[in-house]
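In the two assemblies presented below, chain A is common to both, partnered first by chain B and then by chain C.
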Partner chain A sequence: MRKTVFMAAIIVLAGLFCGLFEEIHPFGIPASTAMDDYFIVHAPEDRSSHNVVTSMVFDYRGFDTIGEASVLFTALSSIAALFRNKDARGEGDGGRRG
Partner chain B sequence: MRPMSVVVTKVCDIFAWFMVVFGALIINNGHNTPGGGFQGGAVVATFLSFLLAAYGSRRVFAWVRENIFGFMACFGPLSFFVFGCLGFPHSFFFNSIAVPEGGQPISDWLPYAGTISLMDLSVGCGVVGALSMIILLMYKSIHMVETGEGMGGERGHDRFER
Partner chain C sequence: MTDSSVKAIAKVMDSVGDSAYVVVALIVLMALYAMLTQKNLLKVSIAISVMCSSVNMFLVLLGYRAGGNIPIHFLKGDESALMVLPTPQCLTLTAIVIGLATTALMLSLIVMLRKHYGTLDIDEIRRLRG
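After this line comes the complex of A and B, so read on.
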């Protein structure tokens, strides 16, 4: 019974994906270019950066970048918590028991 | 890890510094050329792993200090946030210290790209510090697992020996 339900769900999901792929517009031909054109034309002037990608990453989408920096800092904190010397942080018992 | 052969250490002596210069160039010119703080920071952090591979852990740990990398990892995101806050009169993350028309510096000592190049430097600083610290900590953990030093008597997953 579970196998039948699982197979039916897979078939339904595959059908949905096929339907979605049919709806996707062709690659390289965006549906609307108004926003792209605005950024390409105005970003160097508005943000004083010749590199439009940098003005996107650090200015228009600065929140996203600060999130990325936070992810890196979180990864560092996790690795420090996991791998730091246990004797140095006072958790080790020096091999003593009892 | 023991140091590698003389050939490797000599190649490291000559070429490793170019990696630092190249990474600094990517960070510094992020507002003009492809790349930026993340990419340049990753290149600079590779320098430390190159040193570790060539010279071995004992010499490299005598040269570097973890605290500096920890400070850089904290200072980078914080200064990034502060530079983002400078744009509060307009909106958050607005290049407020650059001239809106662009091209003309507002001051001789400020970069003409305004907060964008300062943010580039901040992110580069944070990435260099965080990645270097991660490399050092994970490298130290290999030594801890091999010798059992600094593990507080812990061996493997079993905390208490039976």
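After this line comes the complex of A and C, so read on.
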């Protein structure tokens, strides 16, 4: 019963996706390429990197990468907080570890 | 990567056509169905990861240019050869790392749930329903 309802919902969503295929640009012909053409032409002399993607990740969009690193750090701290050993808190060292 | 293999890959990609979008939509729908119907939390997290990967695939597909090479400048051939768009690939790299972080957090929360309730079945974890 439940699975049938979900299947119907998925089929409706598939119909909506078919409508979206009319809107999207055809495969292999990007909508707007001016910015990427600039990057491809100017990356070697601007950023001294043959790999255009590298020059974008670390130079043109460096702030993006900082945010990405902060997301990684936040996830790691959350996991460390989740798996913290609660029994070790405050045993003989004045609670400095906890 | 030799010149001929680059050309072979470009030929395959050009023969794919718009059905690439259809494949991505199918993967999204399958992941959504698994996410809605599965009872095991581990299987739900697998479905979420599959959907994450399909969105990444869609981003890279958006930046494909017909007959394009990879955006690296010391490939053999003329330097002004057509390259695929680098911006979607760069953003996809960021999205992959963020997906990794969310997956790690999700799995550790599942481990905590397993410790507290002794099961992974979402129908038996009822204390959240109030």
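In the analysis below, the second predicted complex is superposed on the first by the 68 of 98 C-alpha atoms of A that agree within 3 Å, B and C clash if a C-alpha of one lies under 4 Å from a C-alpha of the other, contacts with A are read in each partner's own complex, and residues count from 1 in each chain.
One rule holds in what follows: contacts are C-beta pairs under 8 Å (C-beta built on N, C-alpha and C of every residue); 3 or more make two chains touch, one makes a residue touch a chain.
Bear in mind the structure is a predicted one, so any value in this text is a computation, not a measurement.
Look at A:M56: by the touch rule set out above, it reaches chain C but stays clear of chain B. Of the two partner chains placed by the overlay, chain B and chain C both lie in contact with A:A75. Within the superposed three-chain model, A:T65 lies in touch with chain B and with chain C [touch as defined at top].
In the overlay built on the shared chain, the residue A:D46 is in contact with chain B alone; chain C does not reach it. Judged by the touch definition given at the top, the superposed model places A:N85 against chain B, while chain C stays out of reach. When the two complexes are laid over each other on chain A, chain A has residues 44, 50-51, 53, 57, 65, 68, 72, 75-76, 79, 82-83 in contact with both chain B and chain C.
Those residues of chain C that touch chain A in the complex are listed here as 13-14, 16-18, 20-22, 25, 28-29, 32-33, 36-37, 61-67, 71-74, 83, 85-87, 89-91, 93-94, 97-98, 100-102, 104-105, 108-109, 112. Within the complex formed with chain A, the residues of chain B that make contact are 30-34, 36, 38, 73-74, 76-77, 80-81, 84, 92-95, 98-103, 112-117, 119-120, 123, 126-127, 130-131, 133-134, 137-138, 140-141, 144, 149-154, 160. On chain A, the positions that touch chain C within their shared complex are 2-3, 6-7, 9-10, 13-14, 17, 21, 24, 26-30, 33, 35-36, 39-40, 43-44, 50-53, 56-57, 61, 64-65, 68, 71-72, 74-76, 78-79, 82-83. Listing the residues of chain A that touch chain B in their complex gives 44-51, 53-55, 57-60, 62-63, 65-66, 68-70, 72-73, 75-76, 79-80, 82-88, 91-97.
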